[in-house]
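Two complexes, one shared chain (chain A), two partners (chain B, chain C).
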Partner chain A sequence: MHVPDGFLDAPTSLATAGVAAAGIAIALRGARREVDDRIAPLAGLVATFVFATQMLNFPVAGGTSGHLMGGALAAVLVGPYTGLLCLTVVLAVQSLLFADGGITALGTNVVLMGVVTVVAGYVAFRGVQLVLPRRLSMVAPAAAIGALVSVVLSAATFVGLYAVGGAVPIPLDTLLTAMVGVHTLIGVGEAVITFLVVASIVSVRPDLVHGARRVLDVRTLETRVAA
Partner chain B sequence: MGAPHGHRLHFHGHSPLHRAPAHLKVAALVTFMLVVVATPAAWVPAFVAYAVVLAALVALSGVPVGYLARRMVVETPVLVFAALLPFVATGPEVEVLGLGLSEPGLVAAGALVTKATLGVLASLLLAATTDPRDLLAGLERLRVPTQLVQIMGFMIRYLDVVTDELRRMKTARESRGFTARDPRHWPVVAKSAGALFIRSFERGERVHLAMISRGYDGSAPQGARR
Partner chain C sequence: MIVGLLVALLLAGVVSLWASASPDGLNRVAGDLGFAGAEQASGAQDGPLAGYEVAGIDSRWSGGVAGVIGCLVVLACTSALMLLRKRSTPRTVGGE
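So, the complex of A and B:
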């Protein structure tokens, strides 16, 4: 759920907007290295993809369903800098054109669902990738762990922001337990879906997956001759 | 694609609010909402005043109230959360219909619902009265980085193309007798998402090549493409 207007007080909203702006500035520089001058059309289409996958319902049970947040998925697919730009644009469009997420909470939402999920997801992904063998089949599991970490850390960050600028006296330990508990479950769902999506792309077009580049680089061309 | 290219929330009109420059509307929305958010929960008359201002703007815009009201459903999760607050918050309790509810929780829930409703209504009004192209130009005038505005421009332009693609995949799945009912069906839905990524990425590459062949040098200003 997107943070609405009035959930956090004005100073906290402005502070998170500052953090979000700094993150976007870094991403704008870094993205040029990831996708060179193709950035506007490519990031635009990937942002549209992230927006569309958030509309894709994954049924859970009894008529309820969930959808991807997509931070870790975007980071693995197109790289963390471009991924953050995509998530930022998705959140801005949702706020400005669909009234989903408050306009004063846009900075907060970019920090929670953009900066934290992308950075945490990508760092966890790279960390796991360093440990696992360098094989194409290992990209999707690493992405799944990145997705799980990203959702749980995002929830924990929310509780942290709430401790600073929350408008309701909820006992923090209760909130932390509830948020992290619920989001561990959501995170498992996010991990499974991220795993399935990344695995399906890696099996068809591994060259498009940013997180698979290092694996593809070490592969050498071999010519097999039938005996 | 011969239909009007407004996004789904845009309500075509010629009111003073429709004609006002987009950058002023965005700046006004942000200022208004910052003031609303900064207002203490106890200042009820102030919130009444905000609501009156907003109602006057809605009347001025000529956007039907029912049109905006139907689109207020995006607020539902906030209302659910607000309804939980009196039960989980601490502090002195009051008896309501035989239930012990936290008083600060009730106040906070009321303030949250009020502020969030004002926010959703104000944002909907901006979306209803502003053409997406004007919005992009307005954001550029507000010094939002050009790259970001360009990405947003592509996203808005291809939103319907990509969501239609998603809908066609769903139709194709269902015409083959598939309906997703529980987590066992996730692999199929996830493959659709994967296919959608590949198609979106390739579409991005094709669009980029088409732009280069028309002289794009990486810095086409938004205003020049109208």
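So, the complex of A and C:
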């Protein structure tokens, strides 16, 4: 969903750049608490994986394709602050080196595919985790639901931005229906990929998964009580 | 960790050759609703890696090579950023 230059007017792009910068500043502060010797190499890997996976457009209905955004995945794996930093690096490299997503639209893309997917994905993930039983096997399903929510909200946020500063006047309800419709399908793909990646890492190294820590803490406590 | 990196490189370098070339969700909607024409060429359009093609390589592997280069750049940038974050933890003197 990389927004090219020209879809949104200059004031809107400037505003989203400001929001993106604020988000990155908050993430840089917050990441200090998340990044330790284990998370640091994992963050590099997560960013690389998100970049690679974003090249893999999968077909959805009717000659349209979509690709992983990765915000929810990154947030669950390395934490939301570090996750946003990972996504920011990916989006900046795509924009500057590969001309994928505009340069004046970079702030917009960091907001849509970074801030919104990370925050929405992580909040939904945590919310689902509260409801589901605290088991390791529930981490991946919760991440998958977070992934679906993140993509749909990202698409809806684009419509909101377009309502403010869209280049060509078009009926917004039509735009909202079209964007949310197609991105619900893409969101299902995002959920499947996120589920598979999180499930496979949780099965091998649950201690590396940020979103599994609370579950692991509980498990340790239970073991001690039983002993 | 190494396995994960190899998987990423394989995805970007090889599997990407079979990625769908259809327009993505946003581009499709932009085309259908008539605001695709508002797109302006990116300032990075003439770069050596623009459009996931390496300038000078014409074969179908061009995209794969571009993907591998992209992976390494992303890995390097993120690792550098993480190193900076770790250094500014309260354990070290100074920092921000």
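FYI, the second predicted complex is superposed on the first by the 199 of 227 C-alpha atoms of A that agree within 3 Å, B and C clash if a C-alpha of one lies under 4 Å from a C-alpha of the other, contacts with A are read in each partner's own complex, and residues count from 1 in each chain.
Here is the rule we go by: contacts are C-beta pairs under 8 Å (C-beta built on N, C-alpha and C of every residue); 3 or more make two chains touch, one makes a residue touch a chain.
None of the values given here were measured: they were computed from a predicted structure.
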Partner chain(s) touched by A:I103 [first = chain B, second = chain C, both, neither]: both
Touched partner set for A:I193, first chain B, second chain C, both or neither: first
Which superposed partner A:V131 touches (first chain B, second chain C, both, neither): neither
Which superposed partner A:L77 touches (first chain B, second chain C, both, neither): first
Contacts of A:R38 with chain B and chain C, given as first, second, both or neither: first
Touching partner for A:H67 - first (chain B), second (chain C), both, neither: second
Which of chain B and chain C A:C86 touches, first, second, both or neither: both
Which superposed partner A:A52 touches (first chain B, second chain C, both, neither): both
Which of chain B and chain C A:A10 touches, first, second, both or neither: first
Common interface residues of chain A - those touching chain B in one complex and chain C in the other: 1, 4-7, 28, 31, 37, 39-49, 51-53, 55-60, 85-86, 89-90, 92-93, 95-100, 102-103, 167-168, 170, 174
In the complex with chain A, residue positions of chain C that touch it: 1, 4-5, 7-9, 11-12, 15-16, 19-26, 28-30, 32-35, 37-45, 47, 49-52, 63, 66-67, 70-71, 73-75, 77-79, 81-83, 85-86, 88-89
Residue numbers on chain A that touch chain C, as the complex places them: 1-7, 28, 31-32, 35-37, 39-49, 51-53, 55-60, 63-67, 82, 85-86, 89-90, 92-103, 155, 158, 166-168, 170, 174-175, 178-179, 182-183, 185-186
Footprint of chain B on chain A - complex, ascending: 1, 4-7, 9-10, 13-14, 24-25, 28, 31, 37-49, 51-53, 55-61, 68, 77, 85-86, 88-90, 92-93, 95-100, 102-104, 167-171, 174, 192-193, 196-201, 204-205, 208
Footprint of chain A on chain B - complex, ascending: 7, 9, 26, 29-30, 33-34, 36-38, 41, 71, 74-75, 77-78, 81, 85, 88-91, 102, 104-105, 108-109, 111-112, 114-116, 118-120, 122-124, 126-127, 132, 135, 145, 147-148, 150-159, 161-163, 165-166, 180-183, 185-187, 189-198, 200-201, 203-205, 207-208, 211, 218
